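One chain, chain A, links the two complexes that follow: it is found with chain B in the first and with chain C in the second.
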Partner chain A sequence: MRSYRLRRIAGRFGLYLSVLALISPALLVFLWMISLSLKTEIDNMDYPPVFIPHPPTLDNFAQVFARNDFLTYTKNSVIVSFSATALALLVGVPAGYGIAKARATRAAMLILIARMTPGLSYLIPLFLLFQWLSLTGTLVPIVITHLVITVPIVVWVMIGFFEGLPAELEEAALTDGATIWQAFRHVALPLARPGVTVALILSFIFSWNNFIFAVVLAGRETRTLPVAVYNVLTFEQISWGPLAAAALCVTAPVLLLTLVMQKEIVAGLTAGGVKGG
Partner chain B sequence: MADTITAQSAASPALALRHGRNYARRYWVFIVPAALVVLTVIVFPWLFTLYMSVHEWHIGGTRSFAGLANYARLFTDDRFHWAVLHTLYFTVLAVVAPLVLGVAAAECFHRNFRFRAVARTIFILPMMATPVAIALVWTMMFHPQLGVLNYLLTSVGLPPSTWVYDSTTVIPTLVLVETWQWTPLVMLIVLGGLASLPTDPYEAARIDGAGPWTMFRLITLPLVWPFIVVALVIRTIDALKAFDTIFVISQGGPGTSSETINIFLYLQAFAFYDIGYASAVVAVFFVLIVAISLVLLGVRQRARWQ
Partner chain C sequence: MSVQTEPTPRLALNDISCVFGTTTAVDRLSLAIRPGEFVSLLGPSGCGKTTTLRMIAGFIKPSAGTITMDGSVISAPGSSLPPERRQMSMIFQSYAIWPNMTVAENVAFGLRLRRMDRDTINRKVAEMLDTVQLASLAQRYPAELSGGQQQRVALARAMVIQPRVLLLDEPLSNLDANLREEMRFEIRRLHDAFHFTTVYVTHDQGEAMVTSDRIAVMNRGRIEQVDAPYTLYTRPKTRFVATFIGRTNLLEGECLGERIVFDGFSLPRARFEAVEGRALFSLRPQSIALHRAAAPDLVAGTLVERAYLGESWDYVVRPEGGSVLLKVTATPVEIFEVGESVWLEVDPAQMAQISEEGEGALPPRPPPNPLRALRATAMPLKPLLK
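And now, the complex of A and B:
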């Protein structure tokens, strides 16, 4: 009996040890990012590295925000991610419903193939298109290209949710003389609200994180945050503190959203392995 | 390019059967707006790429019909061949490592323990974080003299690594970042599979005196296999397409030693403005991705029938 108990304790200990080993790489990177952003330049260039900032300083953040173009880029990112997500919901939610109801597997396949295509391959033709329409230099091209990411996410998540709904309620509404639009608007849509939330969060996050479209399409005034941070790295004297502070500012909204909406995000991702990029 | 690959549940077959095909067809109205968007931003680029790929076309320069010359050029371009090899090397590593770790992680997170929710949230953060921001932090960590990683290695008695500053270590190092970032996705997919498993076989096996490893090998692995294959397909597609972290951390260097097809494509299109040739690269790249996906989906079909 005693050996059984011992083995149980050892097993428990092993489990906690494995979990610690699993989360420590994530902890290392995020804590190191925070540490770099809170230290003076002298501490950041010290070797062996200084782990705990003493005393912590907010100078790096002040430096990032002192450059007013960083606020412009934040505004750009907010506009792009919100517009791309809103437009995707507007067209994607009904489409998910239509595909689920009509069981249009071929339309679903198209979305799958779109997912397989590298983002860069959309970029060359769209780049030319925007030049011809003389839209370069505005945020419009960036919003439109982000639809390449957000529309498939929304459609795919919504197909899954609408297929999971019981058909009886809509059938009852249709039998009572409702049009299919009314059945969608007043019966299916309210039931699928959790699905809309999941689609909204995922499409916002992957649009916010996107780098490849804006790095090609954005001009000086229309950079999104990931591009702005990348440019800090390439074109300026590298100083780690402000760079880490800027990186933290860019990814913080997404990390906070993940912490708050963890359940919805996990549900959406396990439903299908949604990913942007 | 987001999306998913999961078994689709059957959509209310009762409803469709009762009303017949015409009934289902009425729902196409709902799809029209999205279809228009998809046509403009997804299908139009595909077709236009094919058109460009048979032309000699430079941005700001002349263009003329070139037939299959761009494709022929791909066959003789050594830099492209190396890019294909780098991509395949990167992909194999960046699929296997997250799959093995992800399955192990799912096995851990499937159990009940205190702080499980907190630990799981921390574990999935890398996948949601902005790739460019993360890539910058890794770049600072890889610094050969001042980087924290070499400090950690030497403090436990290991030799320092050259990380992304040497052509032999750069791809494994980029795989390390990719693994750090995407193991959580594999974990979530497999965890979903584990949650759906019946408990009876485990009880029967326990009565028969099976150990944990035997149970994992003979019960868990075969039952979650379809989920592992889904994760395999998703990981393969994503690894083939990897761009952000490679572009930020190594820019394909040193030299061209970590130049994947995607980086090669970027340079042809937006550094050399040779978009005719770049379009041919896109077409070949696309065929490669679809071919590999179909092979893996074939594996998936077989997994389902077993």
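And now, the complex of A and C:
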């Protein structure tokens, strides 16, 4: 009895140790970034490096907001991510429903291929196209290109959810006199609400974090946050403190969202795989 | 195959077939259903009954043939009226009531789609919930209901829209035995109250017998026989129907003079005067009675096996001088022992002459030569042994 308990505790300990080993690289970098953002410039250049700020300072954050037009960039990022997500839901949820019901696996694969193609391969033509349409310098091209990321996520998450719904639920609606749209609107969509939530969160996160589209297509006024951080790096290479502070500001909303919604995200990603009853 | 000559049936299936790849699920099936009639499609799994129902509902297009409702074509291989415009409703094995709506909302859904005003909807929903004895549960969600209650919701939802045809796909198979028995009578009661034209798919003969005006027995994509439950049981026409509906003794006999000669015994011809030569008969175990004393026209035999079923005794008797074994069902009151000599009283009028294939059976594709078809119609009885 005792040896069993001992073995269980040892097993538990081993598990935690290996989890710690696996996540420590990611965690360490992140902690180091927090440390950088809270230290003075002198501490940051010190050798051997100081990990715990003494005393901690918020100067870096103040500097970031004072020197850069972070408010504009935040606004840009919010507009881009929100509209890209909203448009993706508008298009992707019905598309996911259609693909799931028609078992159009080829259409689903096509969407996935569009997603997997490196963005750079079509960014140049797109850039020329938007220039020709004189849309460069506005947020429109960025929103449109972000749809390349958000639509496939929404479609694929929703396919899983709609495939998990028993067909009889919609057939019952059809025989009751509902058109396919009404069956979708009144029966399938309300039942897939958890899926819509997950699709929304994921597509928002991916859009928020996206860098490559905005760096090519954005002008000085239309930068999104990741691009803005990148510019901090370019022009003030040595000032690690403000850089870390800026990066933290950009990742914080997404990080918080993921932490708060992690249960739903995991549930959403695994839904439709195996579902009983 | 000819459709029954009725004045415009509510629903008529005219030679419909349904082919999935290389399998023929439904093979040139015809059936006419009168307005207000309750017809069951009864058969073993894989006989095509659910496919037929789904063709009626409009979820599957027939590969050949047409379906008409009140005289107008609703299904044909090329074009089909979509399910939502057929004014039917369907009840599924899984009930398929919408978990995101309350009981009342479920029932009101079809009415809301028909853009009725709020008061009418509320009144109709309340009436219907009363009818199915669910009035007190109107605001509950399906997850809070028992299986039987969910089934009632499905019934209410299907009936409230006054469907031109009500379709039921094995609606009771998910219920426990007692509830299933109760719901059979409930379904029949509701039919007697509303007279919806109903097509009921089931593999349970008891369900079909209790609920239906007529039963269509299906086998391998074809209808073997369509008749009222009583006729179906007492006068099965084919080997499949005789064995699928209830238990029976299949006996091969030869009609000679005044009598029909079986293996080991013979019986008066009774109503089989027109039968010539060898024929196959179905004799229900209940239409044989056991006696201890000899009397004229009784058949002597030996009791070989017995089983007590509570409601009855099942005996197996071998008639003297023969090798056939007859199944006999007797009342539980009188008890016979294995090995005992018994006398069998068989009423030949209760026998039914059956054929190997169904009346609905068609010659295999490609269509047969005219001579064979002619012979088949001229000779009511097909040769038993090839």
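As a convention for this text, the second predicted complex is superposed on the first by the 251 of 277 C-alpha atoms of A that agree within 3 Å, B and C clash if a C-alpha of one lies under 4 Å from a C-alpha of the other, contacts with A are read in each partner's own complex, and residues count from 1 in each chain.
Following the convention adopted for this analysis, contacts are C-beta pairs under 8 Å (C-beta built on N, C-alpha and C of every residue); 3 or more make two chains touch, one makes a residue touch a chain.
From a predicted model like this one, the values you see are computed outputs, not experimental measurements.
Peer 1: Looking at the overlay, what does A:115 touch: chain B (first), chain C (second), both, or neither?
Peer 2: Only chain B is touched by A:115; chain C is not.
Peer 1: Is A:171 touching the first partner chain B, the second partner chain C, both, or neither of them?
Peer 2: It touches chain B and chain C both.
Peer 1: So, does A:200 touch the first partner chain B, the second partner chain C, both, or neither?
Peer 2: Neither chain B nor chain C is touched by A:200.
Peer 1: Given the touch rule stated above, what does A:248 touch, chain B (first), chain C (second), both, or neither?
Peer 2: In the superposition, A:248 touches chain B alone.
Peer 1: Touch test for A:38: chain B only (first), chain C only (second), both, or neither?
Peer 2: In the superposition, A:38 touches no partner, neither chain B nor chain C.
Peer 1: Let me test your reading of the model: by the given contact rule, A:95 touches which partner, first (chain B), second (chain C), both or neither?
Peer 2: A:95 contacts chain B only, not chain C.
Peer 1: In the superposed arrangement, does chain B or chain C reach more residues of chain A?
Peer 2: The partner making contact with more of chain A's residues is B.
Peer 1: Does the superposition put A:104 against chain B (first), chain C (second), both, or neither?
Peer 2: First partner only, chain B.
Peer 1: Overlap the chain B and chain C contact sets on chain A and report the shared residues.
Peer 2: In chain A, positions 171, 180 sit in both the chain B and chain C interfaces.
Peer 1: Residue numbers of chain A touching chain C in their complex, please.
Peer 2: 166, 168-169, 171-180, 182, 186-187, 190-191
Peer 1: Name, in rising order, each residue of chain A that touches chain B in their complex.
Peer 2: It comes out as residues 12, 15-16, 18-19, 22-23, 25-27, 29-30, 32-33, 36, 45, 47-49, 87, 90-92, 94-95, 97-105, 107-108, 110-126, 128-129, 144-145, 147-153, 155-156, 159-160, 162-164, 167, 170-171, 180, 184, 202-203, 205-206, 208-209, 211-212, 216, 225-227, 229-230, 233, 240, 243-244, 247-248, 250-251, 254-255, 257-259, 262, 265-266, 269-277.
Peer 1: Where on chain B is chain A touching in the complex?
Peer 2: On the chain B side, the touching residues are 1-6, 8-12, 14-16, 24-31, 33-38, 40-42, 44-46, 48-49, 52, 59, 101, 104-105, 108-109, 111, 113, 117, 119-126, 128-134, 136-141, 145-146, 148, 151, 155, 180, 185, 188-189, 191-192, 230-231, 234, 237-238, 240-241, 243-244, 247-248, 262, 265-266, 269-270, 275, 278-279, 282, 285-286, 289-290, 293.
Peer 1: Using the touch definition up top, name the residues of chain C that touch chain A in the complex.
Peer 2: 57, 59, 82-90, 92-94, 96-100, 109-110, 113-114, 154, 157-158, 161, 167
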